[in-house]
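Two complexes are shown next, each including chain A; its partner changes from chain B in the first to chain C in the second.
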Partner chain A sequence: MVNYLVKRIGRSLLTLVLILTIVFCLLRLMPVEGYFPNFEKMTPEQIQIGLDEMGLNDPLPVQLVRFFKDLLQGNLGVSRIYRANVLVVDILADKMPLSLKLGSLSMLLSLLVGLPLGALMARYRLRFFDKLGTLFIVCIQAVPAAVYFLFIQLYGTRLLDVGLLFKADDPLYWVLPAISMSLSNIAFYGMWLRRYMVDESNKDYVRLAKAKGISEGDVLFKHVFRNAFVPLAQYIPTAFLNTVIGSIYIESLYSIPGMGGLLVTVIKKHDNTMVQGIVLLYACVGVMGLLLGDLMMVMLDPRISLSGKEGDR
Partner chain B sequence: MKKRRLTRFLFTALIASTALCGCAKKSDGNTKTTAVTKTGTPVTYTALYPREVTTLNYLVTSTILDHRIPANCIDTLVEYDLDGKIKEGLAAEWTYDKAALTWTFKLRDAKWVDHTGAAAADVTAHDFVDAMKYALTPEYESASAQNLFGVIANAQEYYNGLVFNGGADDSGKIWAPIDFSEVGVTAVDDHTLTYTLAAEVPYFLSSLVYVIYMPAYGPQLEELGKSFGTGADKMYYNGAFYLAEFAPQEKQIMKKNTLNYDSDHVFIDVLERIYNAEALTLGPEMIRRGEVDYAELTADILDDWNNNEETKKLISRERPKTDYSQFYCFNFDPQFDASYEPANWKKAVNNENFRQALAAGLNRLKSVSVLEPDSPDTYIINSITPIKFTYNEDGKDYTEFNAIAALGDTYDEAGALKFKAIAIEELSAAGVTFPVKVLMPYNPEIPNWDKESQVVEQQMEALLGADFIDIIIEPGPADNFLTEVRRSGKYAFMKSGWAADYADPETWTDPFYQEKGEGGYKPGYKYSFFAKAIEDNTKTAETVTEYFALVDAAKAIKVDTNSRFEAFAEAEAYLINHALAVPYSIQVSLHLANKLDVFEAQYAPFGVSWMRYKGMTVKDHYISMEEYEANRK
Partner chain C sequence: MKQFSYRHNKESELMTQMEAEEAVSMPEDELFSFADFNAADAEKTGLSNYSYWHSTIQAFLKKKGAVVLLVLLAVLLIFTFIQPYLPNQYDPNLIINDPGGMQYRNILPGERFILGTNSIGQDLWARIWAGTRTSLLIGLSVALAEALIGITVGVIWGYVRKVEILLTEVYNIIDNIPNTIILILVSYILRPGVRTLIFAMCLTGWIQMARFIRNQILIIRDRDYNVASRCLGTPAVKIIIKNLLPYLVSVIMLRMALTIPVAIGNEVFITYIGLGLPVSTPSLGNLINEGRALITSAALRYQLVYPTIIVSFVTISFYMVGNAFADAADPKNHV
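After this line comes the complex of A and B, so read on.
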């Protein structure tokens, strides 16, 4: 296991370096206007001084080496446009906690509601509860999320007697954004768990357990559920880490000052140092998510071994 | 066993991180209590805003979006009253020495406060000097520094001396470094400030309300350098308000500065601005619930609101602005995609009869009706300079001067068809193919511009014929529209706008005029690229050269206001009569739900005065249209 972890971490670091190098080079192909918030009103001399200061007139390999050196010291540079002269790490540190908290709450809600939903749908397959669950899933997946987010906000706020805009220090204001964010995941977990549980229910060991007299409930929840959960488990760490990315629409709707939409905003504003910083964050999240997902699968299913080639990703 | 330990460890880490994340509370650094009204409740004005500022550093930014906070938190030497007349600000009195081209200002006592409202230092004349030095330091990349060139003595020499350090610029001119003491701004003592001009500048006093002339606490500038204005705690304030809290894409909280010299005339205790990207959607709903005091009402919901008795009385408008003019530009240097036939357009646009056909064929009343269905004619203008923008010493409006006063409605159906016939004959001989493709982009982020463009397309093609012109409407990028479209020359014929920088008709030549340098014409503000016609020696070269000469002649008149106004009027009339640009409208006042009486605010057709909340009172109801009209009178 230790060897495996060391190899995986090594490969992950290499992946990160590759991603960052490609993004770095691509960003250097962008027009220089993006580095200056008031480009059209600046003199050519001001622009050249600015480019010299940022090191953008240096050869690309020199810039790349300097970037990685700064990175090793924890310096992601300063924002040029989004928040002029503010450290990128400071901007991200301000925004991440809210997105993480909101995302974690919604994830918890998704698991607490989605998993029982899927299990009960499998338990009462083809009966009323299953049909009700299916209706819920179809509605959530068919209706554009923006529509029901807005409905939840407009009517949910009246029901809870809260304002339209988010207040971080009032727990009641977390309810609607968390519910909104969790709905699609509830549908996802419910749908897939039901499917996997139904598949598992047709296997021989289940028939044997029933033949031995174990109640259907016990068979489903003690045996079938655990096996059906394994394929879902690998996505949970990634889903949890992705909460740091935030939700673009929900955060903008409720005025939640999180990470949602930040990458899109800084790309549109051509704030290249911010883009680099956020891409690094996303790459780390992706790589770590995959690694933790694999580990989680191993923990749940002793048959899976990561040491062999088959278990490697 | 090992797996179980690992499992327990990871599970614990997951739970712990979920529990701990978001626990850290942001310190708002504000420990002072808020000033309250006599009743004990702070008077708060709450509004949403959809676009965040890029910086608080008012000495480097020229973006209007970034000016609202300094407009309210930094006092200027002079101010404007409700009717747009200059009055004392930080300067209690001033004199002008014509011979020495020197203005002398006597400052009143004033204090700098920090982001908690606590006194930090005295405001002195040195703060104006230090602020100007900061703006003229190339390292800080001030986008407004150029406003000082040619106005303040040796400002350009100092700046370029730092840049070139004895070397030559592109035109071969040598710029030797000079000491800042040679720049025309001096603190004679703590309360006496002088500005020495590079030349006579008739509008100098009016330009002092612009950000580039704002003071900043010198020692703080020295200490923070580029970090100045990167947070609420990274600057001091001397205005009607101070910035108590600034959390980007979250909120801006300004509080009444009780140490301001004029705090008796500040009737709002807290200005609370909350960021929300969906402000246009949520704002009206929040108005219905009484959660905010201000919201813009878009054309989409206006009819519904007007038809509902409850919401009808919530509607008013913003104050009409005369500092922003909209006009249609012809592009003489098309850089758009080959599929839109730029070469064909270039030949056509250099034919004056073709341009006259388009100018006369544009029914402005119809297109402005999209934004202003009730009274579009009140917004249409026949000149580039808006009415009531500036006056001579006798109070005569600039637009009443002969050449401008003689301009009439550009829309003329019969005239358009007449010009069309001549243009077809001339352009066919020149090898132009018809219909001429007319690329007309719009910014999708500006409400209703798409609908307005559709009306223009349908109306002009119906009148002039789709066999003459083929207007192609295209959405541009929502962000960086100006850079990607207008400044890059990726349009043929397009609505553009300009906001005045100072109270003089010269400001309205800035979009079009291109100064001739040693190495050719300077790019200017990249509107129509007129100089390209001269460089390519097209048929329009002579017309453009004449226009530039008229502007040069007008600029040279510094002292006699009437002669200066006449000369600029002549140049502007020439521009319009030769269809180099098509005047359109002033900015249509937004429909609002607002608890402020907009006519209580300072008013000036330029600068930052219109953004100030000083003097305004928050009503206990939303202003209705009846009240708005009554207040307007």
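After this line comes the complex of A and C, so read on.
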């Protein structure tokens, strides 16, 4: 177990370093105007002096080493345009809690709705409820999220009698963003749990349980569900990622002062250091999510061998 | 055309059919007669007239809903191309002024402007069709490019043992970064434009396709018929093209069809966060974005509703047609 853990975490770290390097090098390709708040008014000499001060004229390897040194001290650089000369870390620390809260809320919601949806669809397979659920899943998957988010905002706000823009103090304002963010995950859990449960219910142990006279519902929810949930558990962190990504759109749609909305703002303002900081943070979340997913699989299912294929199904 | 030999099923079917016919048509004493040996006839037995694509199309045509959607999609695609040549059409980027020199701003749908005008006086009807053309172009190109790169890499990945480790590592790295982040990063670094968008979307998409093809190839590459083929000295390329890929046509088509709605959705998203196409290139993302700016005014909501109707129709249709075609292309559903 320890051996596996060390290996798996080591791999994640290596991937992370690689990603950070690639992102850092790519962002050096950006035009330099993203480092100065009043680029148009500056003379070429002033720009050169500014670049020298920031160390952007140094050779790339030097910059890279400095970047990693700063990173180890928790320093992501200084915002230049969005809020001039404020540390990126400070800005992010400000915005993070709200995003995490919203993300967790919508994750909880999607699990609480998605799992029962899938289970009930498997229970009433090929009957009305199953067809209704399939219709819902198809719609969610086929219609671009960008479109139904808009309509939820448009009609939801009127239905709940709230304003278009977010207010953190009023719990009613949390409802629509959380629902919008959880919809795609609800469809995801519903679809796959149904699939796995249907696959699972042809197995021998299910037939035995039925032969013993255990009721249909008990077999499905006590035996089949637990086995069908294991492969799904691996995707929970990935789903969390999707939620985080979804937040980019949702947060800026409702003007929620969180990370996702911030990313959109700084992209529009071409603030290079801020974009770099946020992208790196998202990449970290991505790597962590997949790591957690693999670890979760191992913990949930004792049958998965640790030495073998990394909890790969 | 690929010939699948379903000898067992087809042959026995043929035999029973022949027996039934003979039993009806022939008097009893003529039922049995000595057969002469005929080399040409001997060759014929066991060959069925099964054609893969013929059966696929037959199976697909049975799904009326999907066929209707496909026809509608085709009509839509053709119409986006002929629309500019119809009489009385405006240029999608032309700002139309009234005789007094004022712009026709936010004119409601009516006789002169079929779908009204937008907030700076451009004809929404023309913009919607130009936008649909752009978005469909993006979707189709991404699907095609992903399929080409994905299949090539996937086949090599699955068939050539030596590259397995390398490609798996590449996959692990790319798969670890959220797609949207790559999409945002690439569009941020490159200039906005149709090509940038297609490039950015392909950058992440191909690896999923390749991974998928690789998994499938690993499953079927060592089945008996492939081992037999290899023993008989069939070159690897021929095995791949004749034995492995036809088996995967249905799933490849499904993935391609599902890529198109995703690509169109991504375009809407990227345009929304300000990294997409310039306003001078109408796209569905651009139009939805323009419409969204007017969301507070109920009377002008038509500028949001029309583009979303088109987007939803296109994506749902591709999704349904893709699924129906994948079912039809699966040889297991043919006999």
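In the analysis below, the second predicted complex is superposed on the first by the 291 of 313 C-alpha atoms of A that agree within 3 Å, B and C clash if a C-alpha of one lies under 4 Å from a C-alpha of the other, contacts with A are read in each partner's own complex, and residues count from 1 in each chain.
Quick note on the criterion: a contact is a pair of C-beta atoms (placed from the backbone, for glycine too) under 8 Å apart; a residue touches a chain by one contact, two chains touch by 3 or more.
No experiment lies behind these values; they were computed from the predicted model shown.
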Fit or clash between chain C and chain B when superposed on chain A: clash
Contacts of A:P144 with chain B and chain C, given as first, second, both or neither: second
First (chain B), second (chain C), both or neither touched by A:D161: neither
First (chain B), second (chain C), both or neither touched by A:D204: neither
Chain B versus chain C as contact partner of A:S252, first or second or both or neither: both
First (chain B), second (chain C), both or neither touched by A:K268: both
Partner chain in contact with A:P44 - chain B first, chain C second, else both or neither: first
When the two complexes are fitted on chain A, the stretch of chain B hitting chain C, from 332-340, 368-376 or 584-592: 368-376
Footprint overlap on chain A, comparing chain B with chain C: 150, 154, 164, 252, 268
Chain C residues within the chain A interface of the complex: 172-173, 175-178, 180-181, 184-185, 188-189, 261, 264-265, 268-269, 272-275, 285, 288, 292, 295-296, 301, 304, 308, 311-312, 315-316, 318-320
Touch list for chain A against partner chain C, complex: 11-12, 15, 18-19, 23, 26-27, 29-30, 138-139, 141-147, 150-151, 153-154, 164, 241, 244-245, 248-249, 252, 263-264, 267-268, 275, 279, 282-283, 285-287, 290
Chain B contact footprint on chain A (complex, rising order): 1, 33, 36-46, 49-50, 53, 81-86, 91, 94, 97-98, 100-102, 104, 108, 150, 154, 163-165, 168, 240, 252-253, 255, 257, 261, 268-270, 292, 295-296, 298-299, 302
Complex contacts: residues of chain B adjacent to chain A: 2-3, 6-7, 10, 14, 18, 21-24, 26, 48, 54-55, 57, 60-63, 138-139, 141, 143-146, 160, 163-164, 169-170, 226-227, 230-231, 247-250, 274-278, 281-282, 285-286, 289, 291, 477-480, 482-483, 487, 525-526
